[in-house]
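Just so it is clear, A, B, C, D and E label the chains in written order, and each chain counts residues from 1 on its own.
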Amino acid sequence: MNTPSTGAPLLRVQAVTVRFGGIVALDAVSFSVEAGQICGLIGPNGAGKSTVFNCLSRIYDCGAGSIEFDGRRISTLPRHRMAGEGIGRTFQNLALFGSMSVRENLLVGCHGRQPAGFVGALLRLPGERRTEREAQARADELLRFLALEDCAERIVADLPFGTQKRVELGRALCGRPRLLLLDEPACGLNHEELEGLAALIREIRDRLGVTVLLVEHHMGLVMAISDQVVVLNFGRKIAEGPPAAVRQHPEVIQAYLGGAHADAA
Amino acid sequence: MRLVERTAFALLLLLALAFPFLAEGYAVFQATMVLSYAVALLGLNILTGYNGQISLGHGAFYALGAYTAAILMDRFGLPYWATIPAAGAVCLVAGVLFGLPALKLEGLYLALATFALGVAMPQLLKYKHLEPWTGGVQGLVLAKPDAPFGLPLTQDQWLYLFALAVVVILFALARNLLHSGAGRAIVAIRDHPLAAQAMGIDNRRYKAGAFGISAMYTGIGGALSAIAVQFVAPDSFTMFLSISLLVGVVVGGVGTLSGALYGALFIVFVPTAAEKITQSAPWAIYGVVLILFVFVMPGGVARLLLRRQR
Amino acid sequence: MPMLLEVEGLHAAYGASRVLHGIGLSMRAGSVTALLGANGAGKTTTLRALCQMAVRTTGTIRIGGERADGRPTERIVRLGVAHVPDGRGTFLALSTEENLRLGAYGRRDRAGVAEDFERVYGYFPRLRERSGQQAGTLSGGEQQMLAIGRALMSRPRLLLLDEPSFGLAPLVVRDIFEIMRRINAEQGVSILLVEQNAALALDIADSVYLMESGRIVLNGTPQEVRGNDAVRRVYLGG
Amino acid sequence: QKRYDPGATDTTIKIGNTMPYSGPASVYGTVGKSAAAYFRKVNAEGGIGGRKIEFISLDDAYSPPVAVEQTRKLVEQQKVLLIFGPLGTPTNAATQKYLNIRKVPQLFVSSGAERWGDHRQFPWSIGFNPTYVTEGRIYAAHILASRPDAKVAVLYQNDEFGKDIVRGFLDGLGDKARSVVVAQASYEVSDPTVDSQIISLRSSGADTLMNFSQTKFAAQTIRKMAAIGWKPAHYLTNVSNSVAAVLKPAGAEHAKGLLTATYLRDPSDGRDTPEGRDFAAFMKQYYPEGDPNDTLNVTGYSMAQALVQLLTQAGDDLTRANLMKQAASLDMTLPMLYPGIRLKTGPDNFYPIRQMQLVRFDGTGYEKFGDLLGP
Amino acid sequence: MQAFLHQLLAGLATGGIYASVALALVMIYQSTHLVNFAQGEMAMFSTYLGWAMFGLTVGLSFVMGALVERIVIRPMRHAPVLSVVVVFIALLMIFHSLAGWLFGYTIKQFPSPFPERAWYGTALMSAHEVGAIAITLAVMALIFGFFRFTALGLAMRAAAQNPVSSRLVGIDVGWMLMLGWGLAGAVGAVAGMLVAPVVFLDPGMMGGVLLYAFAGALVGGIDSPAGAVLGGFIVGVLENLIGSYVVGTELKLTVALVLIVGVLIVRPSGLFGRTIVVKV
């Protein structure tokens, strides 16, 4: 189940259109992501990047188009099935469980793969205990991986923004996703922390075998780690390709990067 | 549990066991009522405190549990102990059935829907086509169970001990639930429903489930109270009951297990204490005491005690 | 030049956890000051403390010579302070336009307000397109523009910016820094800037403070700070 | 020779009571307060046989579980000799079995349900006022006698009170019930108004309204009927026939001509009788904050007088058994009982007051017509 | 047909009552984002004040509302919502109990502010009922205009939604909340004086009304004055027609409530309410 079927891309987005009243947030957007890639998704503010994510996690309906994941059409599944299918995500504006500790947040992340039943929980049946042990082990592993051990028992709401972002990442990884959607993970990080993040994302791909779809405005990061970049503008795809090609694309420069984008890096 | 907690818990249990032999019948009866409310509050807390679904009408499930027990005893001659699981089962089903459509409602809207349930329940109990079972406005009078096996206990003592056993079991189950994956899912839904779904939590299922379990607990509380009071009538289950339950949850401590007990003590004893202060406007006193309580302990008694411990 | 902002011995705490330990800051009127520091150093808390928002503080704060500490937030704001808070502080259920109107709360000069509306819409044409939309549904970057626009609507003397480039596309970041430069130069608005993109911040700042764990550890001109190796490594790269 | 059960001593008699001082039936709380005032008067005048009455009246909020709790407190903690004049059907139904098992007298329950007269099953309970069923029968008898072809609409409160009185009424009509009653409508105490019910009843074409509703709703009915110009023959239940508390607020001119059955004098009406003057003086001295025109205060006053008579009869044998024996052998009249009505019990009759007098409201007070009615 | 029409109009008349109380709920919701369950009892208390000293009532009720905010609600500003709800419940008890103690539980007649035989009264609707509806509509228009077109109204809405940001733009949030409570108290007093002549004045006067008003406000949309008024009318009419023609009086409340909840399940923010989308 964990081995991607050969040939076909892991994720294929086809002619997805999303409208809010008069606003066309996505206009027949199509692209695909190969397994094992890090794919950057960039574009000006309001271009529709987060909307793509919301379609992928079924928070929005993707109109006429379709989304295939690992060869299966997922654009009609209920929202809560996406984690089980192997799509994990973080949120642009943080969506943690504020009253819980870091560890508990990660444990909830394990839910996608091992949903818990009421009867088992009430009576503490052996199956339930085993699941719990496994979840705890997974959480411990990720706490170590993300260097969150020190604040494992702290309530997330009190933590600094950067740490909260890492907790979100850990929570998404707990569900053992095959595709990880990261919405602006570099926001609010300084230069040094950025480099750490780049290394971390690479490690997630290489060590955990997770394909990454990355929305980010920090060009330095995107260009450095992406295998492929998709560019949106006003809900339409305007360019796609390897980073080096995309950064030379005149329309991308005009709409997004500006003449000398060096100063943004 | 840490050692301190364990010993404290053991001591408390011992005290609770000794209580009926130290106090007079009336106090034992009151204590039984406290236990029955505690179960009900625990149920409401699972829903409102842990799952974040406000219910202003949980008295309806308390009533349903009480009536289930009463009807089974009175009309079908079931022994009292068998009515407890039956009441739980009936309320579980009713809770899930109510919880499913209520899934679409949040906050105030859910408050209204549950409020409506609380208002409608006494009227349903009076409904003429149900009278053969419910006894209509007259209600049903029940017999109090004797202690079994010829134990030398009064009815009050025995019923108290029985209720205590039920309470201990139900608290243990609730603890299991809340410390499991399902429990975390329930809390996650409260904190951030959308993120919970993104983590693979089926909100519908857990919310309906939480509603069911909550109703089950509250129904069992109702059944215990019916057996203790030996009487059920529509007038026993007015809106005021639902409101008291909510008050109990908040005073005890939203989202805490032990809060149920403190809340139950509050709703049983403070009104009578207020009456002692003045008979002219006892509820004004009650209201003032209530406000002082939430001023001093906005997180409830249980949270205050927890903090002291740390 | 008179001092616009003077801070001495500023301590701040959230409940029991102390975050700032005696900070001193000063800003001349019409200057741009950058505040740098690592994650969790206390930059946000410093800005919050300056307007007594959500933290307990001790120490003195003078704004334009008047004591500001101990005043409630809204009265500090009336001294001419505008704050673009971290997390943007959008009024999610109100429309974009209503958000901007609130920025001008308390202003009586209708003509001036209308002018400022045009100015903000000129800076951020996207906001004009979205003027009737519920602000909570704006994209992250659009909300950031809205937060900056809202702050400008009050015609402040002192602008506190908490990571203004947060979530904005490179072109817009450039525009924003250009806007800051302009309002500073043309209207003499003083700016206290917290920004992770240190290279940009140093470009427009006259003076820089560096924070570490709730303390100011360095204060100097951009040139001096650029010359500091540690700063270069952490904030500028290379 | 003196014999005592708990609660009685040489110097005191402890009497317990529960009342809905709060909750949906708060309006009746004044019954308990007027009774308490009467005991103050008795004590001030030396008590009964030298014993002072200690009257402990607790709030049951009209909630059965609370009533059980309070009653048990009275019996087990306060150790009262008896429970006197507790008000409300559901609350007392809840305590009845307990008190009977404990063999504690539940005297003069202030409720019109029939269960208080069921002396075979509940030998320790006894009621006071005419039952609602009796009252319903009285109206039925009057209709059958005066206008057997009447078309009757019934408005009732959907609780034990309303249902009992309707039951008595339909019983009384017997076979004729089907042809006579053309419409019924009920309301809940929580309903804001009964306007809709009145309109429905009117549109049934009825020429007679049996108004079995409680005070507030009775007043609403009277006013609404006037507003829409509906003028059927109007029978109003005894529960709501207070001139001061119902008819005046509703507009006395609208109430003119309505019929009701009564067993107490209306205080605002009987001011010029010696009994009425006594009552007014009593209210002024012992219960000044109460409304001297409220019939409910007459109820409390009269019940207390009946109890005093009963205790006097019991003499020094203040055992619970003797009290019940005395309760089953009362025969007296009370000052504020409607002239001619007697309070009478026997070993086979636990309904102390069984008669009522039909009266008609003339715009200021009641005038009687016809004979005393009742079994 | 005549009877049906009459029921319909009677429904509108009672609906007007619900609508007037619903407006008080909208007022408090818009300015605090909470629904004050004690609103009805506070209105009842105000009405007693009106009964005791006519004329000043609305002003006094404003002060009473503002004082309650200042003394009881403000210290709770950091407390969880449920605790605040419990404080509302406590307030409800206090006002109810105090009214019973001070004024007694027997019903009192409350004079209608409208002349009994006014030209606009008809055989089907009394002058008071017509007048009450007119006043309710006028209050609705005022509230709508206040929140929609005035800077103060906008500031009040802002303060309710996001107090922290409101302070940052210079809004005195404490003042706004106090004002909101005061205005809600005043609107409640008007409602009370419209309700009392119909249901008679007693401490329990608002018990039933509040439930229907709450339902009406939510059906119409708790953030919309027009919606709340419409909701009040809908509830009044629905309740009457169901009671008279569908299930009879015994179950009318139950069925009406089921229908209302049904509407809300289909339209979760009410008929006129705005759906507030929360984006991630």
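We adopt the following convention: contacts are C-beta pairs under 8 Å (C-beta built on N, C-alpha and C of every residue); 3 or more make two chains touch, one makes a residue touch a chain.
What you see is a predicted model; the values in this text were computed from it and never measured.
Under the touch definition stated at the top, chain C and chain D share these contacting partners: E.
A comparison of the B-E and A-E interfaces places the larger number of contacting C-beta pairs at B-E. Look at the CA centroids: the one farthest from the centroid of chain B belongs to C. The chain with its C-alpha centre at the largest distance from the centre of chain E is A. Spacing of chain D relative to chain E, judged by their CA centroids, is 36 angstrom. Remark: chain A and chain C have CA centroids separated by 30 Å (rounded to whole angstrom).
Look at where the CA atoms of chain A average out and do the same for chain B: the two points lie 42 Å apart. Annotation for chain D: residues 22, 24, 158, 188, 190 touch two or more other chains.
Shown for chain C are the residues in touch with two or more other chains, namely 137-138.
Shared contact sites, meaning residues of chain B that touch two or more other chains, fall at 119, 123, 126, 194-195, 282-283. Inter-chain contacts, as defined above, occur between A-B, A-C, A-E, B-D, B-E, C-E, D-E.
Chain B makes touch with chain D in their complex at residues 24-26, 29-30, 33, 119, 123, 126, 136-139, 141, 225, 229-236, 238-241, 271-272, 275, 279, 282-283. Interface residues of chain D facing chain B in the complex, by the touch rule stated above, are 21-24, 57-59, 61-66, 68-70, 72-73, 75-77, 89-91, 93-94, 96-98, 158-160, 163, 188, 190. Within the complex formed with chain B, the chain A residues making contact are 57, 59, 78-84, 89, 91, 95-100, 104, 107-118, 120-124, 128, 131-132, 135, 171, 175.
Partner chain E is touched in their complex by these residues of chain D: 22, 24, 26-27, 29-30, 158, 185-188, 190-193, 195-197, 199-200, 202-203, 215-216, 219-220, 227-229, 245-246, 248-251, 291, 294. By the touch criterion stated above, chain E contacts chain C in their complex at residues 151, 154-155, 157-158, 161-162, 164-173, 274, 276-279.
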